[in-house]
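Across the two complexes that follow, chain A remains constant while its partner is chain B and subsequently chain C.
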Partner chain A sequence: MQASRARLFKEYKEVQREKVADPDIQLVCDDSNIFKWTALIKGPSETPFEGGVFQLAFSVPEQYPLQPPQVRFLTKIFHPNVHFKTGEICLDILKNAWSPAWTLQSVCRAIIALMAHPEPDSPLNCDSGNLLRAGDVRGYQSMARMYTRLAAMPKKG
Partner chain B sequence: MMAKDESLRGSSSDPNPNPNPCPICLSTVTQESYLDHCFHRFCYSCIIRWSNVSASKQLCAQSSLKCPLCKTQNFSIIHGYDGTSFQQHYFSKSVGNSEFFSEAHRYRLKCYYTEPGDLADKLHVSRYWKSRKYLQQNLFLPGWLRREIQALMQEEDVDIIMHHILGVIDSLRRDWLNKSRISSEMIQEELRMLVSEAVRPFLTGRTERFVKELELFLASGLSIDAFDKVYMKHLGWKVVDTSEEDDDDRHAEEEPLEHAPAVPYLYILDEDSDRN
Partner chain C sequence: MSKRVLCKFFAHGACLKGEHCEFSHDWKAPPNNICTFYQKGLCAYGSRCRYDHVKVARLQSSSPSSSADISFPVECLSGIAGYGPGIASGVTAEHSASSGPLCHPIRPAWGEKTGRHDLLDDDDNDGYFSTVDPADRPICSFAAAGDCPRGENCPHIHGDPCPTCGKQCLHPFRPQEREEHMRTCERRKKQLEALRHSQDIECSVCLERVLSKPTTAERKFGILSECDHPFCISCIRNWRGSSPTSGLDVNSALRACPICRKLSYFVIPSVIWYFSKEEKQDIVDSYKEKLRSIDCKHFDFGNGSCPFGTSCFYKSVIIFTSVLNLCYSKFSLGHGGGVVEKFDLKIMFSGQLLTFNSCKIRKPRAVGLDNVDWGFKNHAYRDGRLEEVVIRHLGAEDGNTVIAKDIRLSDFLSNLQIR
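Let's look at the complex of A and B:
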């Protein structure tokens, strides 16, 4: 408990210092609970998520960093490895490939990398995975782009 | 909360607060430890905790750990480096029920935390020296030595040390065979001195006691099993069946009050005792 708290404070300081260093990630700690964080990440360029801003919710366990944080998308996203309804993310480093050397910041980077490189063979969103597995890249991209516009971009007018 | 805000602001203005922190706690490394293959550095308690978590996820006992940073397979943690010596913690041992460390090893280690009392008289140690029994080879000695050193070092592979000690004792014996006029006291002293010298680098603080135990075993002329039985009976411990058994519920009955070890022996078996 104490160890996780101490480490999260270290990460908090690091985030404050690195704010400018990584403009694609904005990590914010809950005012009253250091075990709850949210992040805003920018959709990577040259992907259907470009131009969108996606919100992630982190729930950090007391055994952190020996146990991985739980992360999910709060913003709706059409991606093979993200559950369309719950926002749950299928990513090995958040499960059995977790290492305590990961930080909340580097987990965000891993999620951005996952957005750019979907793994259609372990889908949480079957419709999205099937489009890619069938080779319909255009179909996948246009669906993903549509949801990016609907959910991850500021409403116009 | 005020104090926390203070410290946070203080350090965010610091350009480079901690150049090389432990990757697990992100703080300054305490009890510097290195993985034996990739040489990545961690706090000892951090990497031990992670190795325990990692081991608990495996179905079978694991003997290696993937480095949290580079995923290289490592087999031990090197720590406690003081300029001349270091300690090495093997992952296979952290599981606690590793195969080689049997109930008998536990009992032997426990003996080192107990006063042997007048066991030397019971086993007729002085007669052993006077009647020159030391001129005969003891066939049980290699097995006894191996178990003893394994118990003390909590290492499985101690054969080099065992043969080293056997070599010292054998060459002494050959020496004594040729010099029949030396007094038994001198021979006893010579054995103590040379064996101490040979094992001290490995057993350090337990050297003197080890030599005493060795003398007891040699003098008894007993097999390992018989020696164990006499020893345990002497201490008033219930004779432990040396076959593997769950030992957790038996400590209490094993130790009558008058022979309670000065140091609870589980403490030293528990690698993880520094966990808070």
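Let's look at the complex of A and C:
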């Protein structure tokens, strides 16, 4: 408990210091609970998520960093490895390939990379996975872009 | 003892006995600066000793006047003594009454010299030391510590400056001491440097500086055998020890380096970080060396079995219960290679039959089998009992000798080449 708190505090300071360094990620700690974080990440360019801002919720276990944080999308996203309803993410480093050297910041980066490179073979969103597995890249991209416009972009005027 | 001799606690500014001290609290009294260890033959500090390394016996022969001089020859050496007449009479007279001959009849020469507050003059000094081998003369401890207030006039030899620490502490006439000092100095400097560099190294798990952790137990690095990423010992052990039930794979995640994912089978604790392959090897070797002296708790002297098998780092001593069968043949190697002893060895051990065919001793020795040195003769039991180990060959009368002995398995195997 003490160790995880100390480590999160270190990460908090690091985030404050590097705020400007990575404009794609904005990590914010809950005011009252250091085990709850939220992040705003920008959709990577040249993907259907470009231009969208996605919100992630982190729930950090007490055994952190020996155990991975639980992360889910709060913003709706159409992606084969993200559950369409719950926002749960299927990513190996958040499950069995976790390493204590990862930080919340690097997890965000991994998620951005996942958005750019979906893994349709282990889908949480079957519709999306099936589109890609059937080779319908155009269909996948237009669906994803539509949901990005609907959910991840500020409404125009 | 004597009020004539300066109290060394007083000299350091902290004598608890105050007025009741049996040593003198007068700065003018001569200090007793003889190293008692040196008198007994060995002083571990060598040339760095703060006391004088003079041989009393030799000094005595050069100043045979009184028994008092045996105990305090330094007063002739470090001539600062120069008693003012008043003090000399005051102190010594008072004391001669109580401690008798020990202090009073100082050399008559003192009488002539009293009143001289300056340093011993040179010719006196030379005359004195001419009887002493230069290698027996101590080097000036003040100079060795950094600065000698007496400078040129110092009656002691000033050592040559050490290239590492820069202090004048190398005895010009004791090559062994010089070398030893330079070696230890070098080693200490290296260690300090490594420690300084180690200060800044951060653990990637807790993101803190390893050597700045709150408790000393935590201020240790955990070195992974296969890669060079630094962690605290507690962090990396916690990570490797975390239960696989949490869904993490033991080999691909837990035992791998959290950064590079290279698989390491063991972690070496160390108080300093290394900066070269050799340094790392040194740390690993000394760690293994230490473990090798500890009995393996899994093996339990042959009663249990260690899951790590032959790669276990701990000491595994087995107790052989019986040698069933031992065949022996001897043949000579060409070109003076000596005689090779070959054995077929069957050993009953913990209910298991171990067979070693054509074992040979790696260092061929032309010895009778009865004296074969297996490298495990006279191993002590846990209770300290010694057991002679002799292996006899099959044809002997007591070929089936029940031999109960302790053998370190690794010793045993390293002495045998099993084919």
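Following the convention adopted for this analysis, the second predicted complex is superposed on the first by the 157 of 157 C-alpha atoms of A that agree within 3 Å, B and C clash if a C-alpha of one lies under 4 Å from a C-alpha of the other, contacts with A are read in each partner's own complex, and residues count from 1 in each chain.
What we mean here is this: contacts are C-beta pairs under 8 Å (C-beta built on N, C-alpha and C of every residue); 3 or more make two chains touch, one makes a residue touch a chain.
Just so we're clear, the structure is a prediction, and the values are computed from it rather than from any experiment.
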Item to check | Simultaneous placement of chain C and chain B on chain A, clash or fit | outcome: clash
Next on the checklist: For A:66, using the defined touch cut-off, is the partner it touches chain B, chain C, both, or neither? Pick first, second, both or neither.
Outcome noted: both
Checklist entry - After lining up the shared chain so the two structures overlap, which partner does A:12 touch, if you call chain B first and chain C second: first, second, both or neither? => result first
Checklist entry - Looking at the overlay, what does A:33 touch: chain B (first), chain C (second), both, or neither? => result neither
Checklist entry - Touch check for A:142: first (chain B), second (chain C), both, or neither? => result neither
Checklist entry - Does the superposition put A:2 against chain B (first), chain C (second), both, or neither? => result first
Next on the checklist: If we overlay the two complexes on their shared chain A, which of chain B and chain C does A:100 touch? Say first, second, both or neither.
Outcome noted: both
Next on the checklist: I need the one stretch of chain C that runs into chain B once the two models are overlaid. Options are 20-28, 92-100, 110-118 or 236-244.
Outcome noted: 236-244
Checklist entry - Where on chain A do the contacts from chain B and from chain C line up? => result 3, 6-7, 10-11, 14, 63, 65-67, 96, 99-101, 103
Item to check | Complex contacts: residues of chain C adjacent to chain A | outcome: 204-208, 235, 238-239, 242, 246-249, 252-253, 256, 258-259, 261
Checklist outcome for this item: Listed in rising order, chain B residues that touch chain A in their complex are 4, 8, 11-12, 17, 21, 23-27, 46, 49-50, 53, 57, 66, 68-69, 71, 276
Checklist entry - Once bound in the complex, which stretches of chain A touch chain B? => result 2-3, 6-7, 9-14, 16-17, 63, 65-67, 96, 99-101, 103
Checklist entry - Which of the residues in chain A come into contact with chain C in the complex? => result 3, 6-7, 10-11, 14, 63, 65-67, 95-101, 103
